[in-house]
Amino acid sequence: MSTFGSVFRVTTYGESHCKSVGCIVDGVPPGMSLTEDDIQPQLTRRRPGQSKLSTPRNEKDRVEIQSGTEFGKTLGTPIAMIVKNEDQRPHDYSDMDNYPRPSHADFTYLEKYGLKASSGGGRASARETIGRVAAGAIAEKFLNQYSNVEIVAFVTQIGKIKMSRDPFDPNFHQLLQTITREKVDSMGPIRCPDASVAGDMVKEIEHYRGLNDSIGGVVTCVVRNLPAGLGEPCFDKLEALLAHAMLSIPASKGFEIGSGFEGVALPGSEHNDPFYYDEEEKRLRTKTNNSGGIQGGISNGENIYFSVPFKSAATICQEQETATYDGKSGVLAAKGRHDPSVTPRAIPIVEAMTALVLADALLLQKSRDFGRSVVH
Amino acid sequence: MSTFGSVFRVTTYGESHCKSVGCIVDGVPPGMSLTEDDIQPQLTRRRPGQSKLSTPRNEKDRVEIQSGTEFGKTLGTPIAMIVKNEDQRPHDYSDMDNYPRPSHADFTYLEKYGLKASSGGGRASARETIGRVAAGAIAEKFLNQYSNVEIVAFVTQIGKIKMSRDPFDPNFHQLLQTITREKVDSMGPIRCPDASVAGDMVKEIEHYRGLNDSIGGVVTCVVRNLPAGLGEPCFDKLEALLAHAMLSIPASKGFEIGSGFEGVALPGSEHNDPFYYDEEEKRLRTKTNNSGGIQGGISNGENIYFSVPFKSAATICQEQETATYDGKSGVLAAKGRHDPSVTPRAIPIVEAMTALVLADALLLQKSRDFGRSVVH
Amino acid sequence: MSTFGSVFRVTTYGESHCKSVGCIVDGVPPGMSLTEDDIQPQLTRRRPGQSKLSTPRNEKDRVEIQSGTEFGKTLGTPIAMIVKNEDQRPHDYSDMDNYPRPSHADFTYLEKYGLKASSGGGRASARETIGRVAAGAIAEKFLNQYSNVEIVAFVTQIGKIKMSRDPFDPNFHQLLQTITREKVDSMGPIRCPDASVAGDMVKEIEHYRGLNDSIGGVVTCVVRNLPAGLGEPCFDKLEALLAHAMLSIPASKGFEIGSGFEGVALPGSEHNDPFYYDEEEKRLRTKTNNSGGIQGGISNGENIYFSVPFKSAATICQEQETATYDGKSGVLAAKGRHDPSVTPRAIPIVEAMTALVLADALLLQKSRDFGRSVVH
Amino acid sequence: MSTFGSVFRVTTYGESHCKSVGCIVDGVPPGMSLTEDDIQPQLTRRRPGQSKLSTPRNEKDRVEIQSGTEFGKTLGTPIAMIVKNEDQRPHDYSDMDNYPRPSHADFTYLEKYGLKASSGGGRASARETIGRVAAGAIAEKFLNQYSNVEIVAFVTQIGKIKMSRDPFDPNFHQLLQTITREKVDSMGPIRCPDASVAGDMVKEIEHYRGLNDSIGGVVTCVVRNLPAGLGEPCFDKLEALLAHAMLSIPASKGFEIGSGFEGVALPGSEHNDPFYYDEEEKRLRTKTNNSGGIQGGISNGENIYFSVPFKSAATICQEQETATYDGKSGVLAAKGRHDPSVTPRAIPIVEAMTALVLADALLLQKSRDFGRSVVH
């Protein structure tokens, strides 16, 4: 459904052509300074039209806090946020509406709901993610105030063009340790921090744009400074919650944490992360981090990192042989301009969903910490 | 926590050395024939000691239904199931207990709970999965009675040895359409249906067993005959629930559905699944299935298929340089015999978690279907 | 928290002086005709300022649907609704703010959240209920379209003035069978359908208004035409969900269903509701209805009826000896005009919460019905 | 369904004639000493057959902890508990089975589930409450270790015989402040602490037993030493959770907290609880406690007290004119011996459900406290 989280919880609403999109965030700690300025930057990063790499449609996407703050501080009560839709008219039906777009949600929404929203896929709209990003910005501020938690996502692949995300490569871990959003954004809209491939990625996207086609990619995300102990065995392991969150993002097709799919080829003797005592931090740490910062479903205090593949966008202007809802063969070519690669725009969404999972897990674990501190 | 599902819901309990492990399954439809004979086969498939590929420890794992059935029929009330632990003594502490096992849950459980269970990782025990498998068998029977839903998981990779799971290969889809549990089990304990690589997989496992080491692998799972319409946008997309379920299985490190990570390299024009009208089934279907049976978070009536990587087992008898809980450097070599590859045993667990997700989604969708059928 | 329901679910937001109050309703069946006109009437009934019996503050409370409908039909996606606050400024602090109002939420909100909202009690504001009423109107329309479910609440007591709500009185059951909202509203703002006491109730309220005081009352609610089978044993019995809903309404202090507190004095031989076969309806019914329409936590197809006491409003202009937050003794007299009796205004809130419980229970039960229909 | 609670959570199972009844308790803090000896006393108090006031059937009801503890300490993992059923055979059908028992759950269970359990009402069995009581004992121990929380329930009414539970009577508050379980049990099985009426209550029960009839009663419960700040606005107000819990107990028909139904007759000037500064405890307290320890849904640190009416037991051996499932008129007289008053046995169930609500609310609030302590 449209609610996510247990004690830090977001509920979102909105589709393409309704009055507004937004969310209610419940469980935000009281007394935290919070204004629209804390939320707008990530919404702006999510916004299309920032460059020719994404769709030219320029939505303003200004967030308005409706409740839950007073004099710039949170009250502990639900924070509702609204972003107006610029284009609020359900569109006129055209020939294109006779076709369920291949690999889009038109067909399945019809199967589930028995009707077609004007916008086709209803909630399967990129605008649905605005509420997530707004909520995530609040979660992130809380995490940051607690222990300087940093969440940074970036593009590691577009089509066949990849930068290294090899979990056994020390340089990759060096990058994970140092990458910032500023660095990511400094690369332009492609949001790939590896200058040696970023240019090719841009070309890859431009290539498919030229063909009225689209192309997929991979986003990698790192979380730094998260304390150990987060995650609830057995069904709510921290990686399970992260996977749930990531696969709920439109167009995502997978998730891997730490060594992921590649790691299965390594024997335990090489894959295991041995412990050592860190004199500076006065705590046990691991020499390697194939686990991706989570062991047994619980964070271990190392960097958490994971990757999420996003498929090529379903809506393309190229002609596709397909069938109408009525089962007649025909050719569909989408009208309008469409984003050839949603991957770079997924960055703030991945960051937001990560923050929502972690804020919830942190609050829950502090309740556990309390419990254990008072019993005997 | 230890509860999974909304209207079809399982709660599990138990660790390695307590009296029993098991679960309570709530929301099972009333009037379904059900005895231990429906549940035991999958528990037996999960059991170690079936061959030299897995650990020789032979647990009997006989399930006993405690409640919720009468005269061999379900009552609609919670079904509790119990499997006794053979070895119920918390073990004596040894030198090995001074070390948190690298990449196991010993360290993180201590961080979270502030204490060490005798068994080390507490719920991070393979025995925790018994309750899941028992519950999954019930879910599966329900799904099967509804629409002959079939769920078959199999090993597609051990270490570096792979069989094809290429989503763009028609032969792979032919396999997905026809593979059965009988076929999978006919390959022996390796559970890889591709005879051309199964032998090498066995050798790979034997190789690492000989080195007192372990090795990972990949499980692929297909679901056939599931109706369209299942899954709840936006946070409870069907693939998000499946990812949550899979990443909650011990040792899993990822999830990909349909074209997954490979698919990002394909442009939309090739990746999109065009529609056609199936004259026999009198419904729209897709010519290809890169989506993996889910579009926009909702099942489309095609086969669902996904893969899950399992890392090499953390507990190995080979010596590992690591540190004690106290931070002293030292060498740990696990005592006893340990499973060199958990991957083949993960098969019934993957099937069970899949069934639990789908039974819940099906019940929920039928409530949605009802709603839409009465309003105007 | 601020979310209620499982498959038909509302999340509310807003306090007295923020920009707006409202809600998101998730799980509304698709294809139902719905506009603001379906929702406004109950909001208007909830509104203060309708007569001298309630506070003169005249809020317009116009609801705006933000999402989830198109061309006047629901899409099956979340329906967000907003009602602007007329007075959006957090007020200036005055001497009155040094005192936690006795029996209001000022003190407990400070204890819980560590801060004071300008409006004192934060979410403990009558305006919080606007989101509930808006959501309830949708639930009600759905229930009504399904089986002509009717939910009617009315005032049965103000202060010491009571009308009969004796569960053993056939006249009371006759009233329950026939009472309509039109009849209730025809009595004026007092909303008591018994003309023989309604006048005295008005006088009772006027008496306390004259004293700058307030007075409590009781609301009784009946549900007609609800099918049998709703409610989920053991913790989610239908009466448990109703009790939860009613005690979540501000100022409510209790709940009783059917024979309630009075019924305990009757022996089983008199209290039990014997069955008979209703030739007209072709089903088993009960001759009496001391159960209040629910047995064993499950609706039995008879009228559901229950009562809810509302305490006298905490905020009064009369001087009260009390203490400041700092612990100093002093005298508090609230400024402004305050509602001497919230009971009549609670009517649409009681109806709304009832509808929310029942819509959720109905959808859930239809999922159960499906399950039992396909197994064998 | 059969799960209750959010972060401290119980799931129960079992009906009358299955192998066992019991529960899984999830979220218990780790490191708390816990053995069967902590749980058995309340189970024994719940047990029938303790005197001629209740049914002579003597079930042993020995609890066995299955998991979640080691060396007498909790692990933080789920605690499963089992109590064997002595009589595990579904009984042979008799003439009595043709009749749905009036005011029992036989009819509604048939409506909901489409089948009849041998035991008639399935989960609507007194044995269902065993899992609650076992879980409640753990919750209680945790609350007690935290802040010496004391929960004491007692009988205040049987049939027409009442002791004072007048919220405006200082003697009643004196009783609430001092009553103990030892005192309650010292009155014998009637569990009414007022010696001046306890004898008459016993006679009332004996009177109805002699008539093969049954009689209802009221249980009042007090909670002492609970900190302020518990409860989650707006839907999960502490009194709403308590009401939910109480109405989920079989045979309960209502709930009132603090001044309850009587309080509505008092004007605000008398009903409001003024504040004063308690020099000894160094905190604001209220002079009166008509609120019942909760204001705005949040505990205020005063005693919480509430009452719950229990109807006369539905199963009586007296002949009742009623109808068969088939709709034929006839006369039903239950066989066997049945409890003429369930009220005294409800005491430990009320205490258990109270403890479950409070343990969950406490853990949740400590997570809130943490949140507010780290933000700025």
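Things worth noting here:
Read from first to last, the chains carry the letters A, B, C and D; within each, the first residue is number 1.
The definition used in the following text is that contacts are C-beta pairs under 8 Å (C-beta built on N, C-alpha and C of every residue); 3 or more make two chains touch, one makes a residue touch a chain.
Bear in mind the structure is a predicted one, so any value in this text is a computation, not a measurement.
Of all residue numbers seen at the chain A-chain B contact, over half occur in both copies; the interface is built from largely matching residues.
When the interfaces C-D and A-D are ranked by C-beta pairs in contact, the top one is C-D.
If you average the CA atoms of chain A and of chain C, the two centres end up 39 Å from each other.
One simple way to say how far apart two chains are is to compare their mean CA positions; for chain C and chain D this gives 25 Å.
For the pair chain A and chain D, the distance between mean C-alpha positions equals 45 Å.
Shared contact sites, meaning residues of chain C that touch two or more other chains, fall at 1-3, 7, 12, 27, 30-31, 76-77, 112-114, 122-123, 233, 368, 372.
Put simply, chain C touches chain B in their complex at residues 6-7, 27-33, 74, 76-77, 142, 145-146, 233, 363-364, 366-372, 374-376.
Interface of chain C with chain D (complex): residues 1-4, 12, 99-100, 102-105, 107-109, 111-114, 121-124, 128, 157, 159-160, 208, 211, 213-218, 228-237, 239-248, 250, 252-261, 263-269, 271-277, 284, 286, 290-292, 294-301, 307, 309-316, 318, 320-323, 325, 327-329, 343, 365, 368, 372. Of all the residues in chain A, the ones that touch chain C in their complex are 1-3, 7, 9, 11-15, 17-22, 24, 26-27, 30-31, 64-71, 73, 75-80, 82, 90, 112-115, 117-118, 122-123.
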